[in-house]
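Please find the structures below.
Each of the next two complexes has subunit A plus one other chain: subunit B in the first, subunit C in the second.
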Partner chain A sequence: MDFLVRLHKIDRRVMYVVLAAVTTTILYTTWLRQPIEVTPEVRKAYQTVEHLPKNKIVLVSIWWGPGTVAENRPQMEAIVRHCFKRGVPVVILPWDQVGSNLAYNRVEQVAKEMGKVYGKDWAAFGFRPAADQAVLGLRSDFQGTFKRDRFNTPLSEIPVMKNVKNWQQIGAIVETTPSGTVGLWINFIGQPYKIPIIYCPTGVMVPEGYNFLDAGQIKGMLPGLIGAAKYEYILKQPGFATRAANALSASHVLIILLIILGNLGYIAAGRRENR
Partner chain B sequence: MIGITMIPAEVFVPKSGTMLWLLVAAMTAVSILFLVILTQVPSRYRKPMVMAATFICGWFYLVEFAIPSPRDAVTANSYLRKAEFNLRLAEHSITPHYGDPRGRVDPKINGGAERIKKARESVDKAHLYLSKAAEEIARIRVLREKDYIRACDEAERFKNRYGLTEKMIERSADDHKIIDLRTKALKKRVSDLGEALSKIKENDEAVMSAAAGLSDSSASKQREARDVLSAAADGVALIRTSISDNFLTKYQPPASNILSVIYGFSIGLGILSLMTIHGKNIAKARPGYYNSIAFYAALIIMAVAAFLNEYWKSAPSFVKPMFQEVLFNGALTSLQATMFSLVAFYIVSAAYRAFRIKSAESALMMAAAFIVMLGIVPVGVAMTSGLHGNLSWLRLDNIQNWIMTVPNMAAQRGMAFGIGVGGLAMALRIWLSLERGSYFDKQM
Partner chain C sequence: MDSSTVFIQIGAIVGAICTLAIFSVLFKENPYYRLFEHIFIGLAAGYGVFVTWRDVLYRLWWEPMINRGQWWWALAIAGGGMFYFIYSKKHQWISKLLFGALFGLGAGTFFQGFANTYFPMISASFKSVVPPMDVPLTDAIVASANDLVFVLVLITVMAYFFFSIDHKAKAMRGTASLGRWFLMFAFGAMFGSTVMARMSLFIGRVDFLVSDVPRMFWPYAVGAAILIGLIYFFFVEKKRRLNQDAEPKTG
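== the complex of A and B ==
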């Protein structure tokens, strides 16, 4: 009984150490494979990219920074890989100062791996403040709103960008974000011009994403890290997200175990008090 | 009516050189003067001024939103709206529900035959409305073409009368300072209507091809038909947008530019406010004043480094990467990542302490949390992957999906409506200047 009561008050430092140990071990266990079930929202996202025209750009909006890099970067990477695979041009559009570099570096690596050339197959902007004004502006005058890429090259000199004049040359928006920013694209681009939006939120933002999905305001969703793992699974290119999904499984199981232990302790302590 | 401005546009919008810098200096002076005047104006006059400015801005957006479309497009719009509705209805009718086997609407079960029949009827109605919309748009296009030809003649007579040269027109064409507003607007209208006609034709063809596929009950054909119907509905909605711009729509970009300028002021004001607060902390050596010193150090170092990185052209080769690697990638990135990573540990600790079965409600919440947490990760899928056929709904991933797409969505929508109504009330208070603000000492 004493043992059960002690479960009621496990030292939080013990929990921290166990969590760190479990996730780190699983993350680096490369042989572990678990079944992945592709859910409708991820399949819709895949289908959307699969049907994109090759003469229109995909705008990958980057709102994330180092804080959520573990969730948002794999989402971005999975979709960028798919676009590159299909030959759809990708344009990175960062709204976060630090995320700008993180996203660019990763896409550059992916592009090298897949033999894609900057300027011809993809392009990237530097950090851009006042997102709402920029989104409003790009609808009617893309070149006037952005003018130059992250290397200060005029858009008219970048092959992939020179013909992008307004919303009509945008094939899809991929919103990778840790917060509720998707409304901006829905209001100003998705709804008025019916440009498909793929929403890639972090895990905590997923519940509200189902509203937009059900209303048809977004065409697909990659719910958190697990969404990226599912996308990698459809693409048949397991990467970081697939490994991290195992670590996520382990941490969820650990949390559930701790909750069960805590409740056992709580019940035991209650019984002891009643006596 | 023909609107023409005689002054060349370059006078107003210099692109480079001394004129540009003069303009920047003049605008800065005007901005400072404006702020000084605003702060010096007595409160009783200041309030009505701000109220009037806020009200006019809000009024512009409200009127732009409220004017539905040019009068000539009302009938066509109505047909297009009906066509879109029927296309969405058809798509919905052949969307499989829970219980439909292998992701398709089976004519033999769950009222599948009825749903397919309804989809066919909706597609037929959509086709009919699209045809009517096309006829209407063709009719108004002919009328606008006649107007355009008349307006061209009038414009030509005007140019000849006042001796305007082609060069004068060309020079300012980019900035729209010398334009024949009516002719240009009519030309665009004719072109928009022509495009709308061809788009209607394209969408109608797609709809008819989808209608042919409705008789096939295989999952892949049904998915194909749904995709086509969905795309066609989106296309029809887009046609409505393209013919519905009103006369105020074109003034939205300038209004946005004004907003950008105000945002710029607000960022400067924010920095100024932070500097004032932390400056006072340091001057009075308040408890924790060293945090304020850290703020100043970070602000100055990052700002100076960013400016030097941009403008110090002759910097030694090791300096610029140092800014990037040490300050940005080394310090800022690591600090942000560390801060967020700590959340994972707090979540574990908080979940352990908070999830206690103290009532029926807390038990229900815990059960839902367990299902969602397990159902969303691979281990949960593995645990119940053996359940097939009639028992497949008991799989954790299926129950998790149901929780997220039904009860969760209902709750989220309820909250979204509540927040929306609250936001509307708040917007009205701001628009009508009823809100108490730091700029005013009391509620107006």
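== the complex of A and C ==
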């Protein structure tokens, strides 16, 4: 009983250190390698990209920044790799000031690795505010809405963009976001024109995403970092997300254990006081 | 080692210092955390201004207006300037014209969006609890059970929020109570997702500290942390002793 009561009084800093130690150890060792089970929403996302036409662009919408880079960047990277593997042109569309550079740098790295050329196989825009107006505009006049790319080159001079006039040249939308912004694409592009949307939210927004998935408003979802790990598994290209998935599971087990021990300590302390 | 690699490494070291300073709040509230918190906020604001000018204002407004003869973009200054009349009590009505127009535009797009968001969800919620006949039996039972749970949760949760009928009747009270339990399970699952998200972000930071930061940084970082800790402890301890000596002795 004393032991349980003492558990209730453990300094939270001790728990932080234990959590950090366990997470770091599992992240960089091979002690724990759990099998990855691909869930239906990730498989649907994969199959959507697998069946995309190669003469239409995939718009990768970037809402994330440094705060959620650990979750959204692996999601973006996994899908961009798949698009490059299939030869589907990718266009990066950032709505966040810092995320614009973070996304561009990573896609540039992946493109170099896979032999893809900027302008021919992919393109990127600079930061753009007022997403509502931009999305409404690009439906009917893409070139007029965006005019120039990240490097101030007119779209008419970029091979991958010069024939993109309106929604008909968009094959799919990949929404990587830490907040509830997928509704913008569903409302103005997905529902009216039946363009497939793949939703890549952070863990916080995942429960909401299942509503859209169930209603058929999105064609697939990568739920957080674990969704990126599952996508890497299907692609057979393990990366950061696959390594992190093991550390994530270990941290969850530890948190559950601490919650159980804490509650046992709380009950024991309450009983002692009542005596 | 070329200059770009050196700059990348310096950037990573600075990032590591900032990360550790922010994490120091987990130990105790301290001035290092406050300093770096303010630096981050200022940096984010400044960077935002720069990117907004480079990617938006310069490209879409300044350059067309000055270099490509599109003089009509000058009217955007007048339009944007109208916002600032909100600070004038006498001329506030000018800003209200712009706000009114924007609210109207927003309301219009909201109504279109509302239909496209919720009507498909409402129609998708009408699920059949009868097992389908064209699939294997196990799959049919699983699908039917899933749909039954969905319908049960939907009806009970809606009953909980249905205030037009008094919840005095036993059936209504029981249904609403069950709906409340389902809501609690749902919120628990959402909180669990939030915990998963936070742990993912922490793992991202750990990976940055271990993989991206040059190894040579860590001996110096540990040494500096010990030195800072000793100096801080020395001053706190000295102050505590001074306060002890200054207190009048009783007895």
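Rule of thumb we're sticking to: the second predicted complex is superposed on the first by the 272 of 275 C-alpha atoms of A that agree within 3 Å, B and C clash if a C-alpha of one lies under 4 Å from a C-alpha of the other, contacts with A are read in each partner's own complex, and residues count from 1 in each chain.
To be clear about the criterion, a contact is a pair of C-beta atoms (placed from the backbone, for glycine too) under 8 Å apart; a residue touches a chain by one contact, two chains touch by 3 or more.
Since this is a predicted model, take the numbers as computed values, not measurements.
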item	value
Clash or fit (per the criteria above) of subunit B with subunit C on subunit A	clash
Which of subunit B and subunit C A:Tyr28 touches, first, second, both or neither	second
First (subunit B), second (subunit C), both or neither touched by A:Ile10	first
Touched partner set for A:Gly183, first subunit B, second subunit C, both or neither	second
Which superposed partner A:Pro238 touches (first subunit B, second subunit C, both, neither)	neither
Which of subunit B and subunit C A:Gly119 touches, first, second, both or neither	neither
Partner chain(s) touched by A:Pro192 [first = subunit B, second = subunit C, both, neither]	both
Partner chain in contact with A:Asn263 - subunit B first, subunit C second, else both or neither	first
Single subunit C stretch clashing with subunit B - from 27-35, 117-125 or 135-143	135-143
Intersection of subunit A interface sets (partners subunit B, subunit C)	16, 20, 67-69, 98, 129, 136, 192, 206-207, 211, 214, 216, 223, 226, 248, 251-252, 255
List of subunit B residues in touch with subunit A within their complex	227, 230, 234-235, 237-238, 241, 252-253, 256-257, 259-260, 263, 267, 328-329, 332-334, 336-337, 339-340, 344-345, 347-349, 351-353, 355-357, 366, 370, 373-374, 376-382, 385, 397, 401, 404-405, 408-409, 412-413, 416
Residues on subunit A engaged by subunit C in the complex (per definition of touch)	13, 16, 20, 23-24, 27-28, 67-71, 97-98, 100, 126-129, 132, 136, 147-148, 150, 152, 183-184, 186-188, 190-192, 202-204, 206-207, 211-212, 214-217, 223-226, 240, 243-244, 247-248, 251-252, 255
Subunit A residues touching subunit B - in the complex, by the definition given at the top	10, 12, 15-16, 19-20, 34-37, 39-40, 47, 51, 65-69, 98, 101-102, 129-130, 133, 136-137, 140-141, 192-194, 206-208, 210-211, 214, 216, 223, 226, 229, 245-246, 248-256, 258-259, 261-263, 266-267
In the complex with subunit A, residue positions of subunit C that touch it	26-27, 44, 47-48, 51-52, 54-56, 59-60, 63, 106, 109, 112-113, 116-117, 120-121, 123-124, 186, 189-190, 193-207, 210
